[in-house]
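So that you can tell them apart, the chains are marked A, B, C, D, E and F in the order they are listed, and the count of residues begins at 1 in each.
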Amino acid sequence: MRKSILGWLFCMVAGLAIVMPTVRAADEPTAADVEQALATVDSALFHGMTQEEIAKEVPVSGSYVDETSPISEDVEVNGKTVTIFRYLTDMEVMQFRGNVIWTCIAAFLVFLMQAGFLCVEAGFTRAKNSVNIIMKNVLDFCFGTCAYLVIGYHIMFAGPDESLYFLGQTDATDWGFAFWLFQCVFAATTATIVSGAMAERTKFTGYIAYSIVICAVIYPVYGGWAWGSLLDGGGWLEDVGFYDFAGSTVVHSIGGWLALAGAIVLGPRIGKYGKDGKPKAFPGHNLPLAALGALMLWFGWFGFNPGSTTTFDGNMARIAVMTNIAGATGGIGALLTIWIISKKPDASMTINGFLAGMVAICSAVDCVTVFGAIGIGLIAGIVVVLSVLFIDNVLKVDDPVGAVSVHGVCGAWGTLAYAFFSTGIEEGGMFTALKNQIIGVGVGFVWAFGCGMVLFLLIKYTIGLRASREEELKGLDITEHGAEAYSGFQIFTTE
Amino acid sequence: MRKSILGWLFCMVAGLAIVMPTVRAADEPTAADVEQALATVDSALFHGMTQEEIAKEVPVSGSYVDETSPISEDVEVNGKTVTIFRYLTDMEVMQFRGNVIWTCIAAFLVFLMQAGFLCVEAGFTRAKNSVNIIMKNVLDFCFGTCAYLVIGYHIMFAGPDESLYFLGQTDATDWGFAFWLFQCVFAATTATIVSGAMAERTKFTGYIAYSIVICAVIYPVYGGWAWGSLLDGGGWLEDVGFYDFAGSTVVHSIGGWLALAGAIVLGPRIGKYGKDGKPKAFPGHNLPLAALGALMLWFGWFGFNPGSTTTFDGNMARIAVMTNIAGATGGIGALLTIWIISKKPDASMTINGFLAGMVAICSAVDCVTVFGAIGIGLIAGIVVVLSVLFIDNVLKVDDPVGAVSVHGVCGAWGTLAYAFFSTGIEEGGMFTALKNQIIGVGVGFVWAFGCGMVLFLLIKYTIGLRASREEELKGLDITEHGAEAYSGFQIFTTE
Amino acid sequence: MRKSILGWLFCMVAGLAIVMPTVRAADEPTAADVEQALATVDSALFHGMTQEEIAKEVPVSGSYVDETSPISEDVEVNGKTVTIFRYLTDMEVMQFRGNVIWTCIAAFLVFLMQAGFLCVEAGFTRAKNSVNIIMKNVLDFCFGTCAYLVIGYHIMFAGPDESLYFLGQTDATDWGFAFWLFQCVFAATTATIVSGAMAERTKFTGYIAYSIVICAVIYPVYGGWAWGSLLDGGGWLEDVGFYDFAGSTVVHSIGGWLALAGAIVLGPRIGKYGKDGKPKAFPGHNLPLAALGALMLWFGWFGFNPGSTTTFDGNMARIAVMTNIAGATGGIGALLTIWIISKKPDASMTINGFLAGMVAICSAVDCVTVFGAIGIGLIAGIVVVLSVLFIDNVLKVDDPVGAVSVHGVCGAWGTLAYAFFSTGIEEGGMFTALKNQIIGVGVGFVWAFGCGMVLFLLIKYTIGLRASREEELKGLDITEHGAEAYSGFQIFTTE
Amino acid sequence: MKLIIAYIQPERLNDVKQKLNEKEICKMSVTNALGCGQQGGYHEAYRGVDIEVNLLKKVRLELAVNQEFVKPTIDAIIAGARTGNIGDGKIFVLPLEECIRIRTGEEGSAAIG
Amino acid sequence: MKLIIAYIQPERLNDVKQKLNEKEICKMSVTNALGCGQQGGYHEAYRGVDIEVNLLKKVRLELAVNQEFVKPTIDAIIAGARTGNIGDGKIFVLPLEECIRIRTGEEGSAAIG
Amino acid sequence: MKLIIAYIQPERLNDVKQKLNEKEICKMSVTNALGCGQQGGYHEAYRGVDIEVNLLKKVRLELAVNQEFVKPTIDAIIAGARTGNIGDGKIFVLPLEECIRIRTGEEGSAAIG
């Protein structure tokens, strides 16, 4: 997301960042230089105010930037850089409005991914736990929104001077609203990834507790490291050179590793592994619902990736195309892999495959060629199948929907793939890039998996994480929520 | 919606409204004043025409405003206000295009709420009536569109001079298209709210008749009172000072009170109340479908509220954020309330809760703070649960999906909440505001409930409103539509 | 699509097309004329380059047009036409960005139609084949995307000079990305239409093979004939005067006739026609899912038709309105027709009806009045019912979801309807228009049905097209994919 | 001991249960069934094509009872299920040789109730 | 009177019904069942994990018939259901002591048809 | 020959099957059923309204066995299904007069296995 936001033609948010370093160097230009610099600008843009007056109006947080707030601009005169302050041109106002609307529309699409996750996770698990799954998906969004509003956003994006609890001191049309909404749905996505891996055996209260902590702290901290400078913050990972455009690691791997920790702490569902350790399959109860949900996720991804430009410009088209290609090739990769391995074109793996392709492309989606997208997607599709089988057969961690493989593993793959496929890396820069990406991926794993283990163990030994044996056998729907998902239908609840 | 549409930077539609009063006062300025006023404008914007010629081209209805049509503008010269006529600048053209596209995109999202309602209503009722529910949802939109096209739009928005039957005399890129579409999906939303409350026992023909009348007359009349000035009309409620930005009352309460009337006239489903009067539960047959639908409604709400600005500008972001917060807190409020009351975190109540939060926020969504949104949503979540229980246990009105509580009651709550939470009210203005809101809410109730009772009784005693006992027991799907919703599935149709 | 793309106010893509003819005629104007012509333009737009330098930068393909690439423009001086080359104004840049974003958003909506088709087709068929249907819908998109990327796009839109395999030599923000995405989802729509007609009996590998060929060759060839000039190409059908704005024929009829060929080559499902030849009904297994899908299609259509302007301007609103009206009246038309015929308001026919209305309106949606839309939709609704009955009872071709009637027949109806309802046809031009439309429809039928027969017969006698009798009776889900769609549910698989 | 099997209309199940309860017969098992009887079926139309549905939805009751309860059980079922219309259903009585309560291992008449 | 229970392959139901109709036996009840027999089951794979499905989908018929119809019924079922493959199914014959038509209260042989 | 009908808790089915397999009884038919017994039911709450669910989900086994297998079968079912809690279920034994294998036409004891 970083690069493109700086790429705004009339770069508004970044305006603030520019102010700080230049204010210090600004004692050098003479008054005449300043005069000359100011003359390069249409005087109407000063709104009849002095530079000092305007400078005071420059927002103290990127969150408060508005179409009516001034920006600072560096002008080159007589070989010197003069920083002047001015209000926006009509064109820039229009661009601002476009940015807001596009960012919001993208956020809406990302929001719809909640519905997609709900369908996929419910569809891939057993009917007796469907109410529980839908409640988890709905409520991690509700609680996640609140947690991110109260504290998460501040942790992730606030600078040292201005607090952003409850969005800070925003005014009606501030950029902060659009930006917050987009970030909020990202945070909620991270949270909701986990519910799939922990499905069918997690206590409801334990899950709620978890989802609050992830949106309030775990995701924002890592997010701040990687993306803090998108607003007032500044993260050490981005400074190191770690690149993650739309969140292969920041969102997906973090979610995936948390899911891994959750699934480990919980242990497998009853009967999942036989006495000989061989995994047993618990077929999903509603594959059409799952497929519908997965296509809704695909649709939502068109907000997730292209929206990460948060800019009303042509870049998003390329990103949308690459997302689409990676999804398509991911689906094909997974289809062929599972077809070879188990002799049947498995639907749920194919679905995992195209999701994996889109997870993997997030990181480098703004800087790969068509062939890069094909490569990243195809490999992700293959990797996800092998990973699911490995986790199920070798690690024996029970992940009902493949969340760890899709989001964790393929997120990591996509982040590393940046080093191989990005067009933005100069000759010979691949190894540096790879090193930086490995740092990001590694830190992400340590942070998310570590926090996850601590958090889930904490929950386990306090409010409790796992439903009782009887609850699990009867299904969480009846025991936790007192309701069946498909009342009246005859369903064998026996496996 | 009122405020923001006037807030268009280059206010196009309002241009027309400005013409009328000022034309009369325009005899005062001298020819020289006019000359001077005209000089303030780029002469290219006159397209080489005289003021009289341009004035003639000013559209006679807001519906006919186009990027190529002229506007009137008030210019201050020598202390006098001169009204001049001119064509749009390139910038204004761009703004117009943005307004059209954003309004249409928002309308598309609102359209998708039809699918959301379909899923929620079908999911919350029994499998034997699902075909009937989906037919009602699909057809109230089909017939509603036609009814609104033929007469509803005219009733709601036409001025005294120009009729708007069949959209009036529109040209290709007229604003009327975008505006009509947005209004049409609103009207259809009102209609479709009712089907849930009347589910599982209403005759198909009776329902169709009802939905035509609501889109043709009942909704447009009240809508015109509250929102008429958005186009050529002008309603007495808005003149009184009643404020309902996106329709807590205009859309939701109206729908809710109609639903109440319908449910009363119909009477409860067979077996709903025992001999002791105690309500019996008829569990919904497909909660995953209902949850999916409810999240689609949430998604649609991002068109419903932010789109109500009908303007391509930054305001919509704030509105989207507040909508989201109210939804999230509404869900939490309902969850906790029902959890306390019935000891189980009930899924269907939680779903009702976040819908209620968004219903309630509609009214003041453009002028509340974050804390206002939290308050409105949370209270709505609590209110909706209590209201459902009250209506079910005390009033003994059978509302299978909680439509009256969600839309009627929480719509009213949200409308009143404007008086408490709006930032737009000056010191001491709260009581006036509250009074105005009470008028709007009261008039809405009387109008919608009154019309509803008359209409449903009329239908009852002519074409018939309630399905026969046998039809109801067997299910409307087989008896009315000759088809099962889930052919082949084994379903207990016995409760 | 043709007309509106030329209608861009600051017509960018078309710029290229203008270059070629005018470069030849440009020897006539004198140097002074050129000088004078250049003076009409803000000199900053030359970026300090000479006309020759700029001319060299003009993109060789419409796909490569960018906000930073120059355009050619014809200026009238001294009665002569001078072609000058210049870069874009800020306003034009903004328009470009808007075009890209709107086109992409529309493409996203069209993408969602994949999910809609998945739901409709799965819902209208039997539960034992649902996994198969969802796999087909997912994979025809995955393979279709790749096929269109590799070769289809080139075939459809490349000019003689520049190849467009793998999108050609695109740069980051090129128009090609947005345009390709929009075209790609159109191609995939054509492919996916077919799966419904061939449902419940087609071999999986055969289907995959088919869907690659259609996206790689069959659709692009016809598409190039009708729409080639939207980019670098130029098709003979458009030259003849054939008009198909958003694809009643190009997308829908082509898909429909291919579906017809497929259904014929396959033969009916076992037991579909009794010994007396009377058709038997196989009721769809999940009508709520189908209805949800159909409403998602309706939603997607708001991208399909309005997006076909590929322009950020006010035209799309009108198109959206007409689409909506045709859908509504189509639903009503079908409802009433089937109600009269079979005495019951059949849900699946009503759904087919509104889809048929929107299929039919595609062709003339940008140039009909409200009454035209009503007429086209209503008649489509009636036609689709009669067509389904005719195909089922008389032709005895087994089309489980009515794809041939909805897309093939009503697509043809809509294309012809242009001649009767278009406002763009001058007095007396109806017969010419009708002739041209008949040519387009006829060529479409011959091409698609012909290719379809050849292709499906080829597949039949090589990799095989039809599942074995045993597979079909048991259901393709178990036999082809080794999984059930609704695991645990008790379903009668016996009819 | 007898095993009584009864096919009734789904919508009568509640009434039958109530009548049985009144006679303090409250152990039974219920399954969904499709029945083909004198009732003949009805016609649905799907997409304009006629479907003759001759397997109608029924509910199947299975009650194991001691000899002295046979008559009351049959009476109760009839009382709850009879509407006088075709399709009301049938009752079948089978000899039951043994009955065992899994929880306790009790056998015979003692286990039935 | 006998109660005949037959388990058949789901896809044979139509044929069996037809054969029964030919012999004018048209009263029966049908339920879904899962069967475990000589057929052994088949293998599904879900997400690459093998599932041994050994409860196969079967259709269960229940027909109450008078003595003279026992043989025709069994023959008809066999005629409709036999394919010669493992899994074709089984027929069980149980003694039926009583049969009552709920609608009329008729008993015995008269009630069965 | 006997026909053994057993109602057990759904979650015990796998254990019962295993115990039966150990005794080499591997032919059976399974259906879903709802049961009303001593267990009494439980309370759900839907939208704040109490639902008394007194038809609980059960699994119904049907096994046709030769005389010498009756005891082992009953024992195996009890071994697999007994938890000691109310709701464990019941076993019913009915006389079975005839058994026919559709595939071969074999009859009697030979057909059962």
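In this section, contacts are C-beta pairs under 8 Å (C-beta built on N, C-alpha and C of every residue); 3 or more make two chains touch, one makes a residue touch a chain.
Bear in mind the structure is a predicted one, so any value in this text is a computation, not a measurement.
**Student:** Looking at the contacts, which chains touch chain A and chain E alike?
**Tutor:** For chain A paired with chain E, the chains in contact with each are C, F, in label order.
**Student:** Interface check for copies chain D and chain F. Shared numbers divided by all numbers used: above half gives same, below half gives different; which is it?
**Tutor:** different
**Student:** Would you mind telling me which chain pair, A-F or B-F, is linked by more contacting C-beta pairs?
**Tutor:** Most contacts of the two pairs: B-F.
**Student:** Provide the C-alpha centroid distance between chain C and chain D, rounded to the nearest whole angstrom.
**Tutor:** A distance of 56 Å separates the two centres.
**Student:** Distance between chain A and chain B based on Cα centroids, please, to the nearest Å.
**Tutor:** Roughly 33 Å, centre to centre.
**Student:** Quick check on chain F: which residues sit in contact with 2+ other chains?
**Tutor:** Answer for chain F, listing residues that touch two or more other chains: 31-32, 34, 44-46, 94-95.
**Student:** Do you know which chain B residues sit against two or more other chains?
**Tutor:** 91, 94, 98, 105, 283-284, 286, 289, 342, 344, 346, 348, 482-484, 486, 489-493, 495
**Student:** Who touches whom among the chains?
**Tutor:** Final set of chain pairs in contact is A-B, A-C, A-E, A-F, B-C, B-D, B-F, C-D, C-E, D-E, D-F, E-F.
**Student:** Which of the residues in chain A come into contact with chain E in the complex?
**Tutor:** Of all residues in chain A, those touching chain E are 279-284, 338, 341-344, 346, 348-349, 385, 388-389, 392, 402, 490, 492.
**Student:** For chain F, which residues count as touching chain E in their complex?
**Tutor:** Going through chain F, the ones touching chain E are 3, 17, 26-32, 62, 64, 94-103, 105, 111.
**Student:** Spell out the residues on chain F that touch chain B in their complex, using ranges where they run on.
**Tutor:** Listed in rising order, the residues are 32, 34, 44-51.
**Student:** Which of the residues in chain A end up touching chain C in this complex?
**Tutor:** Within the complex, chain A touches chain C at residues 9, 91, 94-95, 98, 102, 105, 109, 126-127, 283-289, 291-292, 294-296, 298-299, 302-303, 306, 312-318, 320-321, 324-325, 327-329, 331-332, 335, 342, 344-348, 350-351, 354, 366, 370-371, 374, 486, 489-493, 495.
**Student:** Quick one: in the complex, what on chain A touches chain B?
**Tutor:** Those residues of chain A that touch chain B are 66-67, 90-91, 93-94, 96-98, 100-101, 103-105, 107-108, 111-112, 114-115, 118-119, 122-123, 130-131, 133-135, 137-139, 141-143, 145-146, 149, 166-167, 170, 172-175, 177-178, 180-181, 184, 204, 286, 289, 293, 480-490.
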